[in-house]
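Each of the two complexes below includes chain A, the first together with chain B, the second together with chain C.
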Partner chain A sequence: MENSFDNDNTQHKNRKGIKFKQWVFIGPHFIFFVVFILFPMIYGFYASFTKWNLIGSPSWVGLENYEAILMDPTSSFYSQFRNGLVNTLIFVAGTVPLQVIIPLVLAVMLQHKGVKGKGFFQAIFYIPGLISVTAAALVWLLIFNPRLGPVNNLLGSNVTWAVNQPYAWIIIFMMTLWGAIGGNMVIYRSAMSGISNDLYEAAEIDGATSFVKFFKITLPTIKFPLLYTIVMSTAAAFNVYAQPLMVTSGGPEQSTFVLMMYIRNLAFGQGQSVAGMAAAMSILLGIVIVIIAAFQFRLMYRSSK
Partner chain B sequence: MNSIKKIILGTASLSLGLIAGCGNDDEIVMWTPLTGEDGQVMDQMIEEYNSTDPEFPVSHVVTPDLYTQIYTVMNTGEGTPDLSIIHADRVQGFVELDMVEPMDDLMNTHDKLNSDNYIEQAWDAGTVGDTQYTIPLDIHSNVLYYNKDLLAKYDAEKFLDDNVVTFDEIMSLQGKLDEGQYAINNSLISWVLLAETVNLGGNISDEDGNPTIDTPEMHEAMEAIVEVEKAGLMTPNGEDGFAMFQGETVLFSSDGTWSSLAHDMVEDLNYGMTNIYAFDNETFHNRGSSHLFSMLKNEERSDEKEEGIADFLTWINENSITWANAGQIVASREVYESDEFKEYPQSFFTSSQEELDSLLIFDYEYYGYVEAAINLYINDMLYGNISIEEGLANAQNEVEDLVAQGHGADINIEAEEDAE
Partner chain C sequence: MAKSRSFRLTKWACYILLTIMAAIWLLPVIYALTTSFKSQSDVMQTGFRLLPASWIMDNYVRVLSNTSSAPIVRWFFNSLFISTTHTLLMMVFVSLAAFGYARMDFKYRDTMFFTILAISMFPAVVNIIPNYMIVHKLGWVNTPLAVIMPGLGGVGNVFLVRQFMQGLPKSYDESARMDGANDFTIYFKIILPLIKPVLIVTSIFSFTGSWNDFLWPTIVLNNVDQLTITAGLQLLQDIYGNYMVIGQLMASAFLAMIPTSLLFIFAQKYFIESLNLNTGIKG
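This part shows the complex of A and B:
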């Protein structure tokens, strides 16, 4: 009995030892997570119930910030939030589907046996994602420059793209897609490379067309990478900031002023910071992202059954 | 919650310190927002000062997003620079937040550091109540560049006779310009609007400190600018008016004095400087700001180091002619009255008392909100996307909401802790 107790005790210590070892591995990441993500998140949530200028202590105001943003049509924060959210949703709707479909089509095309230089083409599509948004914006603005740009000269147009709708959105969408398709395409190609050729050969023997093979073999097999990229692309699109800032500065008539631009301006704009209101808008944006991500994960979970 | 906040902000300021380079007791660490070519000119000036073998050499740290970083270090009290250059419109707010030290001690021991030795507006921008909080480096002003060749072509040189181009004179060019050529561009148009508003007797705040954007004066000023655009005399929306001036398709460009550096690099661009256009030649202003040396509150700054800072600021007062290379109007009287400074085009603004008086610096505590709100709506008002009434009303509403938020914050952490 005593031996048995000692044995259990030793095993318990071993188990503790193993747990400690796990913490050694996970510890550094955990510390960074707590300091740079968890604490700021919690503090940001607290700050959203305060007035705070980043210098002194926040003053507790309860739900005042949320009331101004959600319930008070006379408040400028109300109109900023609504306009910012609508514009962000337009950006999400305009880019996310294409960020999935275009890379998918390109990945399928590059999988074709007859295509030479696949690595070269993959690099061509991937490299724009490595270029800074600022540099990319300068290039795209030059391309769409009303006087000097090749687009207007080729089309014989005199449209001033960045200050007229829907052209302003078109530049932003094109620039975003140009930078984003490479990353998703690499993921899809990687997933497709794991599909056994036997499946395609068997389908061919059964007389399946390319169309049928894509929808019956390719798409179901890469379902998880596909859903992963949808979720990640959606979350990234909701956080859009740099592209409209660089291309249109939010114009014309604030029609490309996305929510992150309002949040950034409130917290770190000209003049004293309005960090409490900015935090409240951030929390609301976060809730929207969480709801949509949860819906997408739910879809993923259901389709996996 | 305070301790959590300090942990978060402490980590952030530690990171900033590591990035910016930690100072030591033997040098003066100076943060500036000079991210452009002016940063290189400042480096050159610091090098000149350090070559005099001062007791406390200066270490210049260009700090992008300066004010966010200042807020971070002030919140924790860690990594605060010994000296920093801030803009004129920040002084009132920083004093309200108890973030800056008065310059009294430095002024008492160094004769050069007094109001007589600087451009009045630049000096006054650092005065709150009866206390001086900053020592000025420069004024960087709005200016009207003109293309000499185009003025000659359109017989518009006479516009410059009294050094003030008026709205009427600009409007007289209607229908006279070749296709693709314009009278004026829209660079720094919000600064122009503010100057015109003051020309008409308006201001951006009332005596009680309330913002005044949606006023008859600003409405009239905006209407006058819109008339120029409607007459087809202003560069079109979305066009790069700055580049068009350099491309010699625009007669006048309302820009900053610092843009002369870029204009000088354009071959054959034959340009000059004059005052921003106005309603008449009697009342005219050139809206500007000022780079000001300030000492953010820092318990660790020793008296000896403050003495070293005073020595540096005195040296700047005597030797900042180098700063004219950045296209700025040097604030030191000794420099701007020198023959050497008169070689620079921006010396136009120090050529007479009338020109000096035209320099307009806003010191309203919430100026940042005002300029941001005007910038948000001015292009849409200018090019007819929204009415002037709507634009000014929205801008007014936004600034009022922001001011209400600012007033509501509990701002003085030191006082609060002392009270506890």
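This part shows the complex of A and C:
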């Protein structure tokens, strides 16, 4: 990638400032960028220091929102943020590792030269990722329906999944993985297809087992796609909203109520909007996502040296 | 011949595991599909039966003829209009901007591009609340514009198309310029035809992303008639689910799955390519 960043801009010495002609090309996108990304981001930071009802003008309150969220155990925002963040972390921990490991295993199996029907298997694992989360939730709720669902009928159990823990999390994890593994698997497969066969054969001559080959050849080669999928899957998982909303509505007893659900309810729920507070929570969530991504990069970068 | 024996052993182990996984992955869709053809009394029978006692179309007829509480046909066309318009506008904006950032010269061009790229990488959750205010001020709440427009500011697609354009030889532009072509002619006649593959890829992803978007439409659309199908399905649990009309629930879910799944079946090649583009792997 590095060559594409500066392959054609160094040799021009007399470059002029941006002109009308250039604005015609970059302008339309740039306006939308400013209106729907840059301005909202700045305004979001500003709003997090205000008391605001979403429509009227915000009034400055300094650090009050952050104090309530982070330091005041008597505040309902404190307990909401805490519970939401803990539940979001549970979701991240429960889904992200499997979103990497399962696709890796599938990709390795599909790499086996004797296996036929690779495109067919790939399609089956990939298509659920294209199904909307609401349609998927309706289907998975039937699969785990206590009386009518195939899971209880096949296992002969009578667990009421969505309203008891840990079963509520299991449905949420299951339907998330169902939609999430295909994309990562395709990425790993194409990264693996670039590995020369000679490498594996040379390793075999040296008596390397499949495990050794996987850890010494396959994994190091696909390091960057692996890092990419880990960072992207983690960031996406922190934004979880639809799955718990659809499957459990945050229950039982708010044990699956994730942070995005609190943020949405505070800003857009019934009753008076506390958008300033919600903005502060969204900034905190954004910071958590950035910190974790930076940490993952660092960890992967170190271990690769 | 020890090697070929272990080859066969691992081959069958792979087949068995892949088949089990594929069965688990397929079961929900197949069970939903067969349930959508079951009668209400058939659905309520306990015990696992995959196929209906008799295949009926009633669920689909009822779901498709609902025009008040869950107007699914209307939602379907709302989604089709929103996702298509969003995708077309996206392609125009993205190809123009990428041309500007990849093939035109101006001071601080790359600094400007990488600055907006870096800004756009900050988690989008922060933007949601102010974006509502903007959409509200523009008078777009409860109109398709509210879901079509905000996503067009994203920088990811511009990055991909810009990368692709930088791979095209500079001499194309230069010889055209010698023949008296201006930037617009070069953009339309030379670059646009050449970047078709990457445009197809990004448009497929814009379309499915827009079709499946859930949180934002539920914030800016609160009129039942205006909903997208992805947002609308949320209401179905109350409308059909609570009365256990599961056949109709599944018929609705299945209808919502059709467009993106069909798109995949016809454009599988491009889906796979797009994932490689995103990670920077050469297909």
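By our rule, the second predicted complex is superposed on the first by the 270 of 305 C-alpha atoms of A that agree within 3 Å, B and C clash if a C-alpha of one lies under 4 Å from a C-alpha of the other, contacts with A are read in each partner's own complex, and residues count from 1 in each chain.
Operating definition for what follows: contacts are C-beta pairs under 8 Å (C-beta built on N, C-alpha and C of every residue); 3 or more make two chains touch, one makes a residue touch a chain.
Just so it is clear, the model here is predicted, and its values are computed rather than measured.
With chain A as the common reference, chain B cannot sit beside chain C without a clash. In the superposition on chain A, A:40 makes contact with both chain B and chain C. Residue contacts after overlaying the shared chain place A:201 against neither chain B nor chain C. Once the two complexes are overlaid on the shared chain, A:55 sits against chain B and chain C alike. Once the two complexes are overlaid on the shared chain, A:163 sits against chain B while remaining clear of chain C. In the superposed model, more residues of chain A are touched by C than by the other of chain B and chain C. By the touch criterion stated above, A:106 is placed in contact with chain C alone, chain B being left untouched. In the superposition on chain A, contact of A:147 is made with both chain B and chain C.
Touch criterion met: A:290 reaches chain C, while chain B stays clear of it.
By the touch criterion defined above, A:251 lies against chain B but remains apart from chain C after alignment on the C-alpha atoms of chain A.
Within chain A, the residues touched by chain B in the first complex and by chain C in the second are 35-36, 39-40, 43, 54-55, 145, 147, 268. Remark: chain C residues 3, 7-8, 10-11, 14-15, 17-18, 21-22, 25-29, 31-32, 35, 43-44, 46-48, 50, 92-94, 96-97, 99-101, 104-110, 116, 119-120, 122-134, 136, 149-155, 158, 163, 166-167, 170, 183, 187, 208, 211-212, 214-215, 219, 229-231, 233-234, 236-237, 241, 246, 249-250, 252-254, 256-257, 260-261, 263-265, 268, 271-272, 275-276, 278-283 touch chain A in the complex.
Those residues of chain A lying in contact with chain C across their complex are 1, 4-9, 12, 15-19, 21-22, 24-26, 28-30, 32-41, 43-45, 47, 54-55, 105-106, 109-110, 112-115, 119, 121, 123-128, 130-136, 138-143, 145, 147-148, 150, 153-154, 178, 183, 186-187, 190-191, 194, 204, 210, 224-225, 228-229, 235, 238-239, 241-242, 245-246, 260, 263-264, 267-268, 275, 278-279, 282-283, 285-286, 289-290.
Every residue of chain A that touches chain B in the complex is listed here, in rising order: 35-36, 39-40, 42-43, 46, 51-59, 61, 68, 74-77, 145-147, 160-164, 250-254, 265, 268-274, 276-277. Note for the complex: chain B touches chain A at residues 1-2, 4-5, 7-8, 11, 65, 67-68, 71-72, 74-75, 93, 97, 99, 236-240, 366-369, 371-372, 376, 379-380, 383, 385-386, 394, 397-398, 401-402, 405-406, 408-413, 416.
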